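Given below, in the form of structure tokens, are the structures.
Presented sequentially are two complexes of subunit A, the first with subunit B as partner and the second with subunit C.
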Partner chain A sequence: MVHHRRCQCRCFSGLLAAALLLIMVPASPAAEPPWEAVLQQARGQTVNWFMWGGSPAVNAYVNGYVAARVKELYGIDLQQGPVKDIAEVVGKLVIEKQAGKHTGGHVDLMWINGENFRTCKKNGLLFGPFAERLPNQRYVDWGRPSVYNDFGEPVEGLESPWGSAQVVMIYDQARISDPPRSVGALLEWIRRHPGRFAYPAPPDFTGSVFVRHVFYHLSEDIGRWQGSFRRSELVATAERTYQVLRELAPHLWRGGSTYPESPVRMNTLFADGEIDFAFSYHQAEASRQILDGLFPETVRTYVFDEGTIANTHFVAIPFNAADSAGAMVVANFLLSPEAQLKKADPDVWGDFPAIDPGRLPPEWQARFRDLPRGPATLSDAELQSHQLPEPPSEILIHLEKGWEQHVLKER
Partner chain B sequence: MADPDAGRDARTRRAAGRGSLAVMLLPALMAVVGLFGGGLFLGILQGLGHLPGAGLSRLSATHFSRVWSDPDFLTSFGLTLYIAAVSTLVAAVISVVAALALSRLVNRYRAVHFVFQVPLTVPHLVIAVAVLFMISPAGLLARVAAAAGLIQAPADFPLLVNDRWSIGIILTYVWKEIPFITLMLLAVLQNAGRELLDVGRTLKADAWQRFRHIVLPTIFPALGAASLIVFAYTFGAFEVPYLLGRTYPMTLPVWAYKHYSDIDLLARPEGIATGILIAGMVAAAVVTAQALTRAARKKGIVL
Partner chain C sequence: MRALGTRLLAPAILVAVGLPFATLGVWSLAERWFFPDLWPQAWGLRAWRYVFATAGGQVAAALVQSVAVATATSLVSVVVALPAARALGLYDFRGKDTISVLLTLPVIVPPLSVAMGLHLWFIRLGLAETFVGVVAVHLTFCLPYAVFVLWGVFSNYNPDFESQARSLGASQLRVWRQVMLPMVMPGLIVAGLFAFLLSWSQYLSTLIIGGGRLTTLPVLLFALMGSGDRPVAAAVSIVFVLPAFVALLFSARHLGGQSLAGVR
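And then the complex of A and B:
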């Protein structure tokens, strides 16, 4: 029954992707300069790439590897602009648009997705569509719902995928031999083992995605959240979600009287043996923690049988970017097999590739296959066959606000 | 007869003096008025709903009234007040005892001063994390207690962080503020206390009388000022209750942060309105404390 529904959903998404490609192809008129011309124009440009700067691994990858390679290959100077939250840059673009600054903008490239992408798209803050003009786009599987939709918002070539992440459950096989393999089974497990599970309080990103898994579990068909749904359907399913979580609270860590404030705290509780599960929106997180000596060697990860939520993160070019040609060349380089392989190396960053290794020449496929995987990381095939798309950010916000009102404050 | 020019000279000199005083104060004034006042002004403006980037441009007090009328406001206010008042009171009492005990020692050993200065350099955040490591149910103390057989398992350790009575938060503040208040008191005691106490002793005042009529009035201005600073800080501080408090109810600063960092840009004005309310409450506390001190001084209770 469930399988049947999922199959239908896949076919539907395939159709949607095909339709999307049809729309996208005529969107690149003949007047656009060929890629060779873009490369020529990009030479000597300085590309200012604004991104969240909170991860030393990401910063090292961008400032070390990517910057050196684009200089070498294309003569581009790449400057990273680290920010605490890319929403700051989006806010700046809103103001530049209001002030009529349509050219010569300082920001050439931004690392965004989700809510920030939606804000940019709604306010016309993006250059493009440009994604289909990048030669390396041929390695991307645009049929995946988490690629053609960014948190439910059609991408329409306005951003180019860079990498992706997927939720995985984390457990210690020395403690739990047979972890619950679906959201329903997990909820049942929590009821039978009071005080042994916790999730960070939304709007924390990781806590919030747990709530969405429960929401999906209670939805009859998760495919409909990607398309047009009635608000009453959302409200009804959300109500059921709060109901289930309210009833679950007394069985949580500390009887639900308080919640970990961050995934870092949840990981500490897990490592200290106060709780039996952790989860992460990064499939390689557990391996990283083992390498760092924070988790025991016996820690493993798994995905639910019905799948776990995955999202893609993208790069986009602002409408007024001074060096848009250079930015496109950088975006294209980021999708190259070499750059994606480097990024996927657990010692570098360990980020999930945005390209589908199956579309690469055999020797590159082998390199991706031979990447050292941490002891706790699942195979790409296992992960990719269990991916659920993020719902639109509208649903995400509705659930976060509702959780606070109805679960935390019990109103 | 006086030289008429001399008077004019003096006046010009005075005017020049005033002028140069103004010039000398200008950089400091500019920093205070420009950065602090300007920030406050922009804050009030945003709290009143001026946020053109997010499509808000009309000024209104709705955000303030929405914060006021939120059913959680009183709870949060009560919690914040409770934490700030208890932390200040406990730290002040311990500091008075510590300062009295140490005032003799300090003259002999300069190291005492130094030891008390060390905690001042450690950020609150670090202490909060240290407290978490020490007294959480999986912390060091719980493990030691379990290993020593005092409790069955580390999880049996009494709940002292993210707890109902905010014990972890208060402990952090008390640990951090005692050295500060003590140092302020020691400075006063060393300069003024000694001779008066000797006089008291000659007049056969007992220990309590000496404390009540000599020490307390002497140290009170410093104690009051230091306590006020501690109260104002603990009332408005964010990081310690964020880490060691319960998810709900939350203190006002945590509430302000939550609103300000909301994914919905329209919630920002409420965050700022909360912040301004906090600043207003602290200002009110300062004014009240000043008035009380002045009244006490008039009655001769303190110096």
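And then the complex of A and C:
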């Protein structure tokens, strides 16, 4: 049964890729209004964009730069709705759907990916498919597995990519001169330096990606998790992962009796010198923290020789959005070379492009190449040559639940 | 001995209450502050620039929104609670116990359940994402407190004063204005203050019923708290605390008045 469903998913993504190719080459969607009409409709609309509001850098980029540019170019008023967790907004949409509020919804755009996207897609909470209608979609490489699949869930045009994330390890070269360059070496390092490493407790996202790295480390061939695998293989490798993490626990910060509750807390422990490593889903987070004075200037990042896990984050439009035309125009602007370049500037945010700079005109390619990278950020080449795909959500959830049962409770 | 104790009391309270705020102040001005240093390594105005310049519009709008919601909630609470508390404090009637249990319900039930349960109905009634809706959901938490405070005041209230005034020829309106109101005023102000502060710090119910259309200060603050950017969080916290503090100061001279016997 499970096998059958997975097979369907892959067929879907194949179909999707084919459909995208068809639409992108001749560019003549039949029933939908042309882009010019969307632009006209969007003028004068107010787009309420809900997102995690925890990063002053992101808030400044959205409220300052993006809001000013979409006003100037398209006459759209952009209002940011900062929330603690976008799941709060997803919950609100579920209730609105139940209450039969099918039009005039206040939320026009959401910053989303992974589990929240799955929830929205399963409950029919999304407008679209719209992604393939955006002209700037031509800069996106939809052939990449991390773009056409959002954590194993086919995107199917229901969300538009905004940026990409990849795990990097963070250390202070004033403290550690030669950091362990593979997951195996890191595990060994932790055993030899008790109390100097911590990872946030899953289901925190950053904590859970550490568990996935250990899971990959113990898998003979990680490619099999993307294709068809037997459940028994998953269970066996997961068991070994829990065993390794259980044995590791006494060597962790505070003897593994407690885990930091968030990456923010882990960063604080790292900045305060209580632990020697942090890790982040954002390639430029360490540089950002140095700029903000939250990390010392000797902090650097690196990726494992075998690679680190990477994924894409998206924007999506709710089913009942009052200003969906405006939201599409904003989503399209977010993919423009101009907006993606600004976002990649470490002084602004330092988030990595969702578009493939190789598809841009030469002068834009040069601008992306010449971006200042910040003291702790690795080069694009170094990062992109060390990327591992996310496993499907099924594996992710299996590992998160298993970690709680077999590592946290049996400590 | 006693004199010394009395003289030390004020500074002790000042330190106990003031120190956490002083830390907030230092954090908001810290550019770099790593353990184990007792004092920031570098100072700067980055956090305050963020609050006033970058997010200035958002913060100002949220401040206005918060003041409006909290003021409206506190006024409605007091106006509704006054007659209710008077009846509960002065008269005995059937079902009084039931009423007092019902009154505590919104306080006992977790705010999340109250707000989620009301959300569906508020959408159907057209109250979701409106100012009135947010004030209404705040009232479910603030009104019981206001009633309980004033109930205490009225259980110590002697209605004979009103009879005296009436026997001297005062009209009903004059009795209320010149006898009852002055006597319960301190309690009224405390009840209003409680309602104001409770409404001021509501996060979840504002977010659910306001649906992001009403962005109050707690909504902004909580979103920023998760960032781990302590200087910015500290600066926003100060902006959040100050108006509540001003409200407290404004009503401070009415706290501890003798008609408050019932509030203890």
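Assume the second predicted complex is superposed on the first by the 360 of 411 C-alpha atoms of A that agree within 3 Å, B and C clash if a C-alpha of one lies under 4 Å from a C-alpha of the other, contacts with A are read in each partner's own complex, and residues count from 1 in each chain.
Simple rule for what comes next: a residue touches a chain if its C-beta (ideal position, glycine included) is under 8 Å from a C-beta of that chain, and two chains touch if they have at least 3 such contacts.
Please read these numbers as outputs of a predicted model, since none were measured by experiment.
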> Touching A:V264 in the superposition: subunit B (first), subunit C (second), both, neither?
Replying inline: second
> Is it subunit B or subunit C that touches the larger share of residues in subunit A?
Replying inline: C
> Touching A:Q98, do we find subunit B (first), subunit C (second), both, or neither?
Replying inline: both
>> Looking at A:G273 after the superposition, I want to know if it touches subunit B, subunit C, both of them or none. Which is it: first, second, both, neither?
In response: both
> Looking at the overlay, does A:S55 come into contact with subunit B only (first), subunit C only (second), both, or neither?
Replying inline: second
> Taking the superposition as given, does A:V244 touch the first partner, subunit B, the second, subunit C, both, or neither?
Replying inline: neither
>> Quick check on the superposed pair: does A:V89 touch subunit B, subunit C, both, or neither? Answer first, second, both or neither.
In response: second
>> Under the contact rule defined above, give the subunit A residues that sit at the interface with subunit B and also at the interface with subunit C.
In response: 95, 98, 268, 272-274
>> Which residues of subunit A touch subunit B once you look at their complex with the stated criterion?
In response: 91, 94-95, 98, 115, 201, 203, 254, 257-259, 261, 268-269, 272-274, 393, 397, 400, 408-409
> Which residues, counting only subunit B, touch subunit A once they are in their complex?
Replying inline: 52-53, 72, 137-138, 155, 159, 162, 164, 242-243, 246-248, 262-265
>> Taking the touch rule as given, give the residues of subunit A at its contact with subunit C in the complex, in rising order.
In response: 48, 50, 52-56, 59-60, 63-64, 80-84, 88-89, 92, 95-96, 98-99, 101, 106-107, 262, 264-265, 267-268, 271-274, 292-294, 296
> Tell me, which parts of subunit C touch subunit A in their complex?
Replying inline: 30-32, 34-36, 42, 44, 46, 50, 54-55, 57-58, 116, 119-120, 123-124, 129, 207-208, 211-213, 215, 219-220, 222-230, 232
